[in-house]
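Across the two complexes that follow, chain A remains constant while its partner is chain B and subsequently chain C.
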Partner chain A sequence: MKDKDIELTIAIPKGYLHDEGYQYLSKFGINFDSKSSRELVFYDRKSKVKALLVRPSDVNVYVEHGSADLGIVGLDLLKEQSPDVVKIKNLGFGYCKLVLAVKKDSPYKDSNDLPANCKIATKFTRLANDYIQKKGLIAEVVKLYGSVELAPIVGLGDAIIDLVATGSTLKANNLIPIETILESTAFLIANPVSFKFKKSRMSPFLM
Partner chain B sequence: MKKNLRNPKGSRDWLPDEVAKQEYVRKSLVSAFEKWGYKPIQTPILINWDTLTISSSKLSDTAFKLIGQQGEILALRADLTTPIARVTAERLKDDELPFRFYYVGKVFRYQSRKTTNEKELYQIGIELIGSKEGFSDLECLKVLHDSLEKLGLNKYLIVINHALFWQELFKCFGETAQKLYKALNQKDLVLFYELLEESEFSKNEKTFWRELIYIRGGKEVINKFKSISNKVKKLKVKKLISYFENIFKLFDKNVEIDLSLTSDIDYYTGIYFEVITPYIGKSIGSGGRYDDLINKFGFDLPAIGFSFCLEDLLLALEKQGKSFPKFKAPKLLSVNKTNIKKTFEEIKKIQRKSSAAIKL
Partner chain C sequence: MKDKDIELTIAIPKGYLHDEGYQYLSKFGINFDSKSSRELVFYDRKSKVKALLVRPSDVNVYVEHGSADLGIVGLDLLKEQSPDVVKIKNLGFGYCKLVLAVKKDSPYKDSNDLPANCKIATKFTRLANDYIQKKGLIAEVVKLYGSVELAPIVGLGDAIIDLVATGSTLKANNLIPIETILESTAFLIANPVSFKFKKSRMSPFLM
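Right after this comes the complex of A and B.
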């Protein structure tokens, strides 16, 4: 079998990066039959590409295990999960920031104002702990899986560490960002073995 | 507290049919090794902590540490090359060189690989000890090639690089080259390009680096390697190129140069390589030349070797759809209650050719 005939599998995240991910791939002539059904696997049979529609936090897992050759994932999740994958390039889209946010009416102006042994709610426990370490804070991380903005409102934590794109969700929940921890955009990643084995299929993406 | 009576996380059992598959892999490889005159060697699982730390800091980072009864620090072996280097220096100083050894044994690592939790794995491989760089490298690659063929793995690649190439780059490009190496080792091409752009390299040098990491392929890439090396006057790669050319005189497919390949093990001094297969998303084996390691144990000997992870080989073969020999059920004989001896004699007769047991 010739190298260019080998099927390429790409993990594409649902949600935030989804549409721009599709747009990015269409630049390479990759277009998938349907986008909006309940199916999880899509094909572009002409280009011999298969797309897996997965949760953003699962992209790294599919690529690391080799179930997908390529994946589109935010730098936030790359740093949080630090998978063993090839980071090919920064795609530039999907900008967002990981911020430390507090209630609007709270006295905390930056991270040093946070009281010792405070609680910080977040989905990003590794990045949160790294930040606490780096800043020398004494704080406890509370792991949540979604709607992190709720935590300070109901008293589950003094602050949150979460992603913001426009800031409107924070605003709507009476929260303000006080420090930026990480600026994130979408990255193209590859499984290390696929990167070597399917190199002629990968090469258009390296340019 | 609730008692945990199951296996610790990261360890596994092997039921008879699984052992049969494992045996297939083991026997295939061993027969390839023995055809080349390699002999089996065994070393203990329990080793002194110092043995490990002197060999490789990366290995000792992931090794199991134990405290002995007198407070001495012990470890479970995390590879087999280190113990074999030790025993060679300890007991074989007066023997005729070279030594051709093969081994099959378990290694223990806290985090053997990121994608799985396995903490104990079988390693199987060879060491060719006492020969300098040259024909012994070719023999080692040939044994590697033969063992993969014998195994029946139908798609694989041996990707190679050379430690001296990086040493030369470090010499020419200093600290930035070290950083670039580290970025490649972390598989972070984004960081690699950022570092390259920020560097004070000339335009030609930047082009050299950019193209360098895409020198991947068979003998057809050698010319490309030559032409990009000409961009950097001070770089000396003549010897390296003829080294690679010699390899391609012997191998035309399944072996590729990959100048972006870095090594996770810190004792390689010459060629180092990885074996990959599209069936699983990680390398199934690796190896290289380690000319300084045995000297750390007091015997200055060059050496080269490789090892496979047996579990990964098995997984790749299963994904490929290979069928494995199974255990044949024994012929069962009802016991003749009046003459038990006769039954056992009949069983004995059958056992000359196959297996038999009593029906219980």
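Right after this comes the complex of A and C.
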């Protein structure tokens, strides 16, 4: 099968939305030839659908630039990256919360207790800065790429803003959430041009 | 052992500099109690040294903010993130190159062949933009977080700028490097305040 026979390309994130993403697509009869995590491109030759397996933070990029017609992405990353894409629908799965968390033994009970010029470590710098502004806090946002829960333990900041699903990572690191900033679930998104010109092929997904 | 007894904290990256980073420290008699990849903080109680195991892209952050006195980081990330740290020395290991690469069957032999307004996918947006400017190219840099080698395969851009160690990832994806942008090895860096006030403790590393 050549790529020119493909009618629809879908960007699917690795990580916590991966399995439910595949399950969701299988409801439409879409099943890929391999789900090995080493391959990055999969085909369903019958449905003429191609899947790109990418980092969660890259789904928006592939869809915005038209390398994928559709994508599955968390609301957290939609709000953080604010890509030029069409939000088709909330898929309901992949629930998690973006929270402000502090050390269990800290005196801070909510964001107003945080000291002026405190540091807040996070992967979500845009959402963190929006939140700080909304709350009228004076704080420095420190961008980290991994293991944000380590930051307060080693003195990098008084608080973190991070995603929480079960809460077990926070707990294991003696952190407690003190405010919820955003509740997130997975969304189906589309490239604006694809959405216009491939609408009939996409119609099963639009119901 | 309490953290107040620790004399030196060192940020060590996960990934390709990890093992040689540990080997380098062991030359100074520093050996940590555990090297399990699940733990993020390790101790050498005898040397009074603590290690933070962090993402490569987070080493600069922990050192710049003083949560680590020393760090081991690639020149690629030092140039990309341009943190306020002291470069102590080139450690020599972890050699890799940041290259401009294109599809094997593309007509582009060097950067001047790239079409105007082409897209270049990369994790290294600052270094990519500097390079584009230096070369007088007109190109759009597209930031990706993972598997940059996928981009040209799925039509996201004409070229990538990515790190290459053995070259096997490029080869496996039918890409070839056409220009070298930076040659990188691991560097030992220090927090500027620590460098001033813990100089005697750091002296073995300064030789």
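Details
Here is the rule we go by: the second predicted complex is superposed on the first by the 200 of 207 C-alpha atoms of A that agree within 3 Å, B and C clash if a C-alpha of one lies under 4 Å from a C-alpha of the other, contacts with A are read in each partner's own complex, and residues count from 1 in each chain.
Definition applied: a contact is a pair of C-beta atoms (placed from the backbone, for glycine too) under 8 Å apart; a residue touches a chain by one contact, two chains touch by 3 or more.
From a predicted model like this one, the values you see are computed outputs, not experimental measurements.
Touch criterion met: A:206 reaches chain B, while chain C stays clear of it.
Contacts of A:154 after superposition on the shared chain: chain C is touched, whereas chain B is not.
For chain A, the partner that touches more of its residues is C, with chain B and chain C as the two candidates.
By the touch criterion defined above, A:191 reaches chain B but does not reach chain C.
After overlaying the two complexes on the shared chain, residue contacts for A:57 are found with chain C alone; chain B is out of touch. Looking at the shared chain after the overlay, A:65 reaches both chain B and chain C. Shared-chain residue A:85: touches chain B; no touch with chain C. Residue overlap on chain A between its contacts with chain B in one complex and with chain C in the other: 65-67. Against chain A, in their complex, chain B makes its touches with residues 113-115, 157, 159, 187-191, 193, 214, 216-217, 258, 276-278, 280-283. Those residues of chain C that touch chain A in the complex are listed here as 9, 14, 40-41, 52, 54-55, 57-58, 61-62, 65-68, 119, 142-147, 150-151, 153-157. Residues 6, 64-67, 83-90, 187, 191-194, 196-199, 206 of chain A are the ones that touch chain B when the two sit in their complex.
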